[in-house]
Each structure stands twice: as structure tokens, then as C-alpha cells.
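Next up: some structures, all given as C-alpha cells.
Each of the next two complexes has chain A plus one other chain: chain B in the first, chain C in the second.
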Partner chain A sequence: MDEALIFSRLDVPRILTAWGAGRAVYIPETAGAQTAFALFNPERGLSLHFGNTTLSPKSFLFPQTECLLRFATRGPEAGLCQTEPLGAQKRLLFGVRPCDAAAFALLDRVFVQDDRSTDPFWALRRERTLLVGLACNSPDETCFCTAMDGGPHNTAGLDILACDLGDEVLLRPVTDRGRALLAEAAQAATGVPARGERGGAALGQAETRRMGAEAVMARSPFVPGLTLEAVSRRSQRTVHALGIWPRIAETCLNCGVCTFTCPTCHCFDIQDETKGGSGRRVRNWDTCMSWLFTAHASGHNPRPTKVERVRQRFMHKFKYMPMNLGGRPGCVGCGRCVRQCPANIDIREVLRAMDMACRIAPPSSLIPDEAVS
Partner chain B sequence: MNAANPYLPFPARLVEACFDTPDKSLRTLRVAFEDPETAARFVYRPGQFAELSLAGKGESPIGIASSPTEGTHLLFTVSRVGLVTSALHALSPGDRLGVRGPLGNGYPLPDLAGKNIVIVAGGYAVTTLRSAMVWLLDPANRKKYGLITFIYGARSPELLLYPDVWRGWMGRDDVDCRVTIDNACQGWDCLVGFVPRVLKDVAPASEGSAALVCGPPAMIRFSLPVFEDLGWQPEQIFMSLENRMKCGIGICGRCNVGNRYVCKHGPVFSKAELDRLPAEY
Partner chain C sequence: MNAYARRIREIAQRLLAEKRVDAVLGYRAGTVPMRARPFVARTPAEAGELTWTGFCVGNLARLAAGLGGRLAVCAQGCVSRNLVGIVRENRLRREDLTVIAVPCLGMLDARKIVTRMSGRAVTGVREEGDEVTVTGADFEEVFGRGDVKRDNCLTCLHRNPVLADEVVADPVPETGGGDIDKLIELWERKKPEARFELFTRTFRDCIRCYACRDACPLCHCATCFVNRSNPQWLGKTQDEPDVLTYHLLRAFHCAGRCTDCGACESACPAGIPMRRLTSKLESDARRLFGHEAFLSLDAKPALAVFSPDDPDEVFS
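For the complex of A and B:
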């Protein structure tokens, strides 16, 4: 299936049921104030009207707690470690927002860097997880994907992008896996190829919705003019030394909610757990907001106060990751940290402050070739 | 590194161990892999480190003090400061531990062939420099390098690691070995004075030279200006950093200095590289 297909919206549950043969299918479900991915149940139906899920779907590929290996603590086998085998379950996530899919594409480059730095747990889960995105037609007030190399109908990281056209749904394949999946969908329900007059109308509608979504963000007081351009031109030493950091960090509680809700935050801790004669080594989500994150056993801490820790988070997103990933920001503009921060720290305002300060900061004395705007 | 699961340590046994200092805060472990094939595949360079793993306790990143030219046993000198290192101090010969590695980049010794090498060490930061020295003085490698100068200092004689090894170097004519302590004491037969002072006296020429520097912050702080006064460039000086680490392969995100991970891109950085990074270490 190379081309996009148009399905009746009423057929979507049937398609999800067909995809569910041999796979666990998850869809976003809203309960009260929370929207979270849950196992698809045809009897409960599904809604395509939801903002970004409260938490990003990163836990499907990078669980909050994950066993890396097991061991015995007694007997002749004590201390021998065995890899925890990953289950063979295949999954399909339906309704992933393009920002969250972009985060997966970004984390692919963090977890699978080269032969020496490949995380097999991430790689295997990624391979076994199909991602069907749902294009954003009405972004949240905190969304700013368009300023972060993304867009409401972007396909990066996805296998299929679905676009809600009201009575119809347009499914656009992105990868070979997505094309195979679309062929499965076409067997479960009648799909009309998106070509000819009808197809042109559907594609036109999708385009209108994309422009509408982008216009929402363009009208936001927070998004226009948001750019990494000046930050990317200045040296990391200069951005690090900007005078803005104490003020930005002032209200931060170092609670870490930004890092846990962030789809691209991936830092983890490794800890041993034992019970009786056996134990396991697990990795848990960690947060750079914690003092312990960088504390040396000697007591020395390279990031001793919250100023250094808050700075680290924004430097990582807007300076270090772009440096390491060919200019790609380490933020996808999902807006979760803006919504969840109890101290109302707004990453968009932080970036704007970085941008302004970078435009006027004097050049670093140690880096003679630094470009200054 | 285990290709299928980089978090899986290789099983190893403690062969022998000795406390290096009277206060028993430092202990050198000689470790052998259980599987000879693992030992053969564990190819490392001076300056690299490994995560020493104790099931149920955790892991600790420790520099490899042995040189690959010394055979398949690994040497680690461990300072007792936390949970894992205390457990490492409590191991008996024959006990099992895990070794995950080799990790990090190591000293760029092959790139420095043809140069004079100056090694400046302070306290127990000498561990990976011991590895570098033994490697450099191996007959197969020694002839590729010019003058080799080894300057090593500690507060007092009993805090100097590996005395048998450096006393052996003192007897050689192809290495200038200077060992110093902070304050004079009875029975001490080598130098007295801080490392930067000794470095100033030696005054190594900058031309065609490279330096490997590892030690406490105060030693580094006062040694770098000495090099600078002697006309050394930041590209010629290599330092090894330490940071809290977990994964050891540049993923878990905590040991970064700027955009570089100490575990993956380091721990060895040239001063020129460090000058371009935020000084957050």
C-alpha cells in the first residue's frame, strides 16, 4: 500500500481490532482530567478528540522502571548476572501525536548511537512497536512544535499518520511497516485511495487542517519568533555563562515533574534490588533536577545548587543536544512541562531569554573564533 | 563490552588484594576474568576504566591501573567512600565480582608517538597513569617515544601508591622519575615539595612534548600555570576527569560536561577541549 487511504471514521474501531490480531493495541483514553494510553477495548470505543496525553508515551519504549539483569546473592551462582529476557509482545500505539513521535525519533539517536552505545532494550521495543500517529488539528495552548523543527501533521518517527477529517479518516503510510499495516487495514474495512477528485478533496481538507493548527500556534503570544538561532551561534561556554540562569532558576522547586512528563528526557539511574537470595539490577527514570544526580561519593558536586541543575536541563535541550544531533533541538514543543510546572516556569520564555541574552552577550575570551551576532 | 547487553558485567574473581595505605582507605585489587575467552577479548588502553559490579550492591566506575602489556589480570585501586567501594574493600580472594568495560577513550598514546611524554600525578589519581607508564616503558613501546618524565607526589610517603613499581623506574636510565612528598619526614629518601614546584624545577620543554596530568584539583590548578609559563599549548596537555556515572556508555545522561560525556567521550580530554566546555566538573 503505497498511497494514502480514506476510511469512514466509523471503521476505525474495526481497523484497530484487525491490527490487534497478534498485537496489543493502545489508544489514548480520557478519564477525568487525565488522558493516558490504555489497551484498546472495542466495547468502549474511542475518541479522536483529545489534547496531548498527560504523560508522553515514552514509557512504552523506556519504562519508568526496567529490569536490566537478574542475579542470585547466595550459593555458587551468587553474583552471576543474567540478562532479563524481554517478552515477545508486539505493540501498536494509535493516536501518537507528531511531537511525541518526533521525540521517539530523537531518542533513537540517544539510545542507539553506535556499536559501543546501543541500548538493546530500547532498540528491541522500538522494533516491536508500531506507531500510528494522529495529526493535531487543534493544538493545546502550550503547544509550540512548529518552533522545534516539528509540525502538527509531521510524520517523523511514525509508521502511519492518521488525519481526522470529520466523517472520514485519512491514513498516510510513512514507513514500509506502515504500508504493510495499511494493507491490513484495507482488508478490515473499505478504504478509498486518496487520489482523483475525492482524494484531492480529502488531501485538501487535511492540508487546511494542518494550516489551521499551525495558525493557532502562530497566533499564540509565546510561539512567534521562538528560535534557537542565536543560541546555536554562540559557544556552549558563553550560553552556560549567561547571567539569566539565577533568575530562571529562582522559582524552581527542583521537583522534576518537567523531566518525568517530557517525551525527550531520558536520563536514568541504575540500582540494585535484592530480596531473599536473589535480586535484580533495574534502571529507573532519573532527573537532573536532583542533587543526587551528579553528587560524587566524595561529597563534591559539579552541580551543587538548583541554578546549575536548571541550567543543565535547558542547556541540554537547546545547546548540547543540537550540537550533538546536527542542529535538532532536544525539545519537541509538546508543552507538557509548561502545563505541569508548579512554579509556572515556561520553557518557551526560557528559550526566549536565552535567545535575547545570546544576542548581546560578549564573546568568550577563551574561544576566539566564536561568532557574535 | 558485552555486545548483546552492554549493562551485563563479565564475571571475574578477586585474585589478591592489598591495602595501600595505613588508614586502609585505599585497596588495590588484582582481578581475573572467570572465562579465559573474555579475558582475551577484553582489549583495553591505558586511561580507560571499568564499572566494577557487585550483585546486590551496584557498580562503581574505577580506572584500570594495570597495563594491557602486563597480561590478562586487571588491577584496580579503590578508594573506600561509598556502598559499592566499601563492599569492594570487604572482598576476599576468590570472591566473585563483575567487570563491565573497558569504557571511555583512554590516553591518546598512539597519537603521541615520537613525542616526549611528561606525566604528572598526585595522590591516588596516579592509577591510570601507572597503566600509561607501564605501557610506555614496555620494550615494544618505549622506543617509539622520546624522553619520559614521571613526576608523582602525595602528602606523605605512605600515601604514595605502587612504591615497588616507581622505585623500579628510578633505577632506569630511560625515564626521569621524580617522587615527592609535601613535608619532610624521617627516612624519606626522595624529593620534598609540592608537585607543581617539582614540575617547575624539571621545566620540561614544550616542543615535541605532551603531558598527562591527573591529580587533586589543587595540584592541577597550580601545575597548569607552570606548563603555561614554559610555553606549553592547551593541545599538549591531557587530563582525566571523574564524574558520577551509571551506564558508562553515554546514554544515562549524568556525567556530561557541556555536550561531552565523561564516560564515552572522556574520561581523557585535552586542555584545549576542556577550555571550550563549561567548567562544570
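For the complex of A and C:
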């Protein structure tokens, strides 16, 4: 199924039910002020009217807590490790926003870099998880994907992109897996190929909605002109030494809301937990906002105050990750940290402050920088 | 601009111009609807950015303790009590603190507003008297302030600041009018198993970002017990025992000190009703020991007082 198909919106639950054969299907569900991915239940139906999920879907591929292996400390098995079986079930996430899909594509480059460093847990879950995106027609006030190499109808990281056209839904395949999935959909409901006059009209409507969504961000006081260009021209040391950081960090509470709700933050901590004669090695999300994150065994802490920790988060997103990823920002512009930060520290304002300060900073040193994370 | 904001600016500009303080801690407009941002104004010009809305839901006493210098702080009833707390706990000297007293009509709950909008995006909120007008691209809806107030503000017992070096407005009725003991009935009528079930369910969605801890003006340990690594007192996982232990210990650290300011609940990204635990502590301190936290600089903290006829119910 190479071409896009148009379905009646009323057929979406039927399609999801069909996709659910042999897979767990998750959809965004809103309860009160929170929206979260939940198992699709045809009886509860679904809504395509949600901004984005409160938390990012990253925990589907990178769980907050994950057992990596088990070991024994006593007896004949002492010192032996057994890797935890990789048992990722087949899943399909419907309604992933393009920003979050872009984050998955970005994290692929962190967790699956080469044969020697592939993270098998991420890779297997990624392989067994199909992503059907839902294009954004009405971005939130906090959205800025267009400034972060993304767009409200972008397809990076997705298998299919769905676009809500009101009474109809346009499904566009992105990958081979997406094409196979679209064929399944066409068996469950009647899909009209998006060609000819009717198809042209639907594609035109989708295009209008894309432009409308982009216009919303273009009208925002925070998005136009947002660029990493000056930051990229300056050395790491220059950006590091900018005078802006204490003021930005001043009202930060140093909680982990920004990092834990962020779709691209991926730092973790590995711990061995032992009880009696056995134990497990477990990986948990960690946050650079925490004092403990960089505490050395010696007692020294290279990031002793919140100023260094806050700087680290923005340096990672806007300097280190672009250095490692050929210029791609480490942020996808989903706006969650803007929405959720208890102190309303707005990453868009921070980037703008970095940009302005980089423009007027004295020339960078000639010593080349090495990217770090 | 509302009268409160205008008056706060006047006071802050005067304090800074006369060099009576080095900085004024208050709020400025948020970057998105239904938000206000903590802000440290250091010049009269910066003080012109200060504002006051129903979305000043953090607790500035949290930031006041770490800023240094002579500081003026905009404080509602609860925040003024927490300022008493940080003075009592020697985290800030009274002579370095100027309280800009803000009689409080109760702060608003952005989640309640979002819930009532059922999916429609909010672009602005206007507050006039007892009315809150919520606007969007193609709608405008008016609510009574009580309908969208935070729960803790509905049952507030002390809306007027207990310290007042500068005053923003005339006093308001002292209480929010609601029944503060209602919330703990949730626990009291339940058998232990059902209590534990409710406790478990309440914190099920916790992501351990510690926003509740970090928003709280009571926390003062140099190294929080959850960050202790030698020995490590608490596991890092999302497993129930780790999550529940964190919440239980955090709550106990607030015993006799919690002012029910609601900052923890407002900060939680998962929408967890944090006050279910802390309100029980507040209630025990008040009903069993006749103690309300930090009402004056002279009152002794509940945990610093022992009397042979103290009730024992607290252990049951």
C-alpha cells in the first residue's frame, strides 16, 4: 500500500481494532487535565482532540525503571550474571505527535549508534513498536517544533502519519511497516486512495491545515527567529562561560520535571540492588537537575550549584547534542517543559538569551572543541 | 493591571530606590496562559515587571532562603507563615527580610480550568472581584472564583499574612470558608487495608521528579534522604516500595510544619493530590495538639514542645 488512503473518521475505531490483532494498541486518553497513552478500548472510543500527552511517550521504549540482569552473590552461582530476557510485546501507539516521533528518531541515534554500542532493550522495543502519528492542526501556545528542525505534519520517526480532516482521516504511510499496516487498515474499512479529484482535495486540506498550524507558531511571540545559529558558531567554552546562566537558574527549583517530561532526555543511572544472596542490576531515569547526578565518590561535585546544573541541561540540548548529531538540536519543541516547569522557566526564552549572548560574546578561542554529553 | 500588582510595584520600587532591600522576590507575568513566574527584581525598573494574579501558586519562601542579602518577599497568608518558618529555622534573618503582605483571595487551579474547558485551548484568564473569565480563540466563559480555586485555598484558615512590613491591600475575610477537615475523612473512615489501598492509588502516577519536594518551603536538609548514597537509604526505582517510602517520609518531615500552601500539589506534573497526606498531618497538629504552623515568630514548633498530657491518638 504505497499511497495515502482516506477513511471516514467513524472508521478509525474499527481500524484500531484491526491493528490490535496480535498487538497492544495505545491511544491518548484525557482524564481531567491529564492526557496519557492508555490501552485502546473500543467501548470507550477515542478523541482526536487533545493537545499532546502530559508526559512524553518515551517510557514505552525507555521505561523509567528497567531490570537489565540478575546475579547471585553467594553459593555456586556467585558472580554469575543472567541477562534479563528481552520480552518486549508488540505494540502500536496511535496519536503520537510529530515532535515526539522526532524524539524517537533522535534517541535512535543515541541508543543505536553502531554494532558495538546498540542498546538491545531500546532496539527491540523500537522494532516491536509501530508508531502512527497524528498531525498537529492546532499547536499549543508552548509549541515550537518549527524552530527545532521539525514541523506539525512531519513524519520523521513514524510509520504512518494520520491527518484529521474533520469528517475524514488521511493516512499516509512513511515506512514499509507503515505500508503493511495501511494494507491491514484497508481490509478493516473502506479506504479511498488519495488521488484524482477527491484525493487532491484531501491532500489540499491536509496542506492547508499544516500551513495553519505553522502559522500559529509563526505568530507566537516566542518562536520566530529562534535559532541555534550563533550558538553553533561559538565554542563550547564560550557558551559555557556566558554571563546569562545565574539569572536563568535563579528561580529554578532544581526538580526533575523538565527532564522527566522531556521526550529527548535520556540520562540514566544503573544500580545494583542486592537482597540476601541475589540481586539485580536496574536502570532508572536520572536527571541532571539533581545534585546527586554528578556527585563523585570522593565527595567532589563538578556541578555544585543549580547554576551549573541548569546550564548543563540547556548546553546539552543546544550545544552538545548538535555537536554530536551534525547540527540537530537535542530538543524537538514539544513545549512540555514550558508547560510543566513549576517556575515557568521557558526554554524558548533561554535559547533566545543564549543566541543573543553568543552574538555579542568575544571571539571564540581557536582551540577546537570536542563534543561531550 | 490590577490594584494588587500596581501596589506591589509601588512598594517594590520604593524599597529598591531607597536601598532598603537588595532584591524583591515576587512574580512576573508567565510566558503562557495560567502561569506566573517567580521573579527577583533588583532595580526599580525590574520592579516594574512585578505582577500579581491568581496563578502565583508557588511558595516564594522556598526561594527566599537561598537568595542572600536583604530581601523583600511578596507573601500571601501561607507564604508569610513559611517565611516565619525559615526565620525560625535560622535559614533567613528577620532583619534581612521585608514582608510585602498580600491579603489573599485564594489562588486558582489551572487544572480545574483546563478540565472545565474539555479540550478547548485557553488563551487568557481575567480576574475581576469574584469572577474569573476564561477566554479562548472562539469562546469566553465566566466562573465564580470558588469554582476554579485550588482546593487548599477553598479551606484556607489564614488568608491574611502573619507578618506585614508593607501592606498591599486591606485585610480580607480570614478564612476561605471551606471545611478543612473534610479531606481527612477520606482516611479516617477507612480500615487499614483500605487506607493502604488509597495511599498506593494516590501515588501510582508519581514519576519521582521530586517537584513536590523542591517546591516545598519546609525542605531544608543539605542532602535530601533520597539523595543519600552512602549508605543509600532509598531505592531509585518506580517499584511501589520505593515510591511510597519517598512520599511517606517526605510527608512526615512536614509534620507540624505544613501550612497547607498547596505548592506541592500545584507543582506536580502528574496531577497527584499531594495534600491527601499532608492535610492529615496538618489536621493532627491542629486538632490533637492545638497547633497551627508558624503563626507567629514566638510560637514554639509542635515538635519542639512536650506535655505529659499530649494525646496518643497520633500513634494509632
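Worth pointing out:
Here is the rule we use: the second predicted complex is superposed on the first by the 359 of 373 C-alpha atoms of A that agree within 3 Å, B and C clash if a C-alpha of one lies under 4 Å from a C-alpha of the other, contacts with A are read in each partner's own complex, and residues count from 1 in each chain.
The criterion applied here is as follows: a contact is a pair of C-beta atoms (placed from the backbone, for glycine too) under 8 Å apart; a residue touches a chain by one contact, two chains touch by 3 or more.
Since we're looking at a predicted model, the values are computed, not measured.
The superposition on chain A brings chain B alongside chain C with room for both. By the touch criterion defined above, A:Phe71 lies against chain B but remains apart from chain C after alignment on the C-alpha atoms of chain A.
In the superposition on chain A, contact of A:Ala295 is made with both chain B and chain C. Within the superposed three-chain model, A:Ala21 lies out of touch with both chain B and chain C [touch as defined at top].
When the two structures are aligned on the shared chain, A:Thr142 is found in touch with chain C, with no touch to chain B. When both complexes are overlaid on chain A, the residue A:Thr251 reaches chain C alone and has no touch with chain B. Using the contact criterion defined above for the overlaid structures, shared-chain residue A:Asn324 touches chain B, although it does not reach chain C. In the superposition on chain A, A:Gln236 contacts chain B only, with no contact to chain C. By the touch criterion defined above, A:Thr261 lies against chain C but remains apart from chain B after alignment on the C-alpha atoms of chain A. When the two complexes are overlaid on their common chain A, residue A:Ala88 makes contact with neither chain B nor chain C.
Shortest separation of chain B and chain C in the overlay equals 7 Å (C-alpha atoms, whole Å).
Counting contacts by the rule stated earlier, residues 269, 271, 286, 295 of chain A appear in both its interface with chain B and its interface with chain C.
Across the complex, chain B meets chain A through its residues 1, 3-9, 11, 53-60, 81-82, 85, 96-98, 242-244, 246-247, 249-259, 264, 275-278, 280-281. In the complex of the two chains, the chain A residues touching chain B come out as 68-69, 71-73, 78-81, 83, 110-111, 113, 115-120, 235-237, 240-241, 266-272, 274, 279, 281, 283, 286, 288, 293-298, 302-303, 308, 312, 315-316, 319-321, 323-324, 366-367. In the complex of the two chains, the chain C residues touching chain A come out as 30-33, 35-40, 58, 62-63, 67, 110-112, 114-115, 119, 121, 123, 205, 207-211, 213-215, 223, 227, 229, 235-239, 263, 266-267, 269-271.
Across the interface of their complex, chain C is touched by residues 30, 32-34, 47, 49-51, 54-55, 63-65, 138, 140-142, 222, 250-251, 253-257, 259-261, 269, 271, 273, 282, 284, 286-287, 290-292, 295, 338-340, 342-346, 348-349 of chain A.
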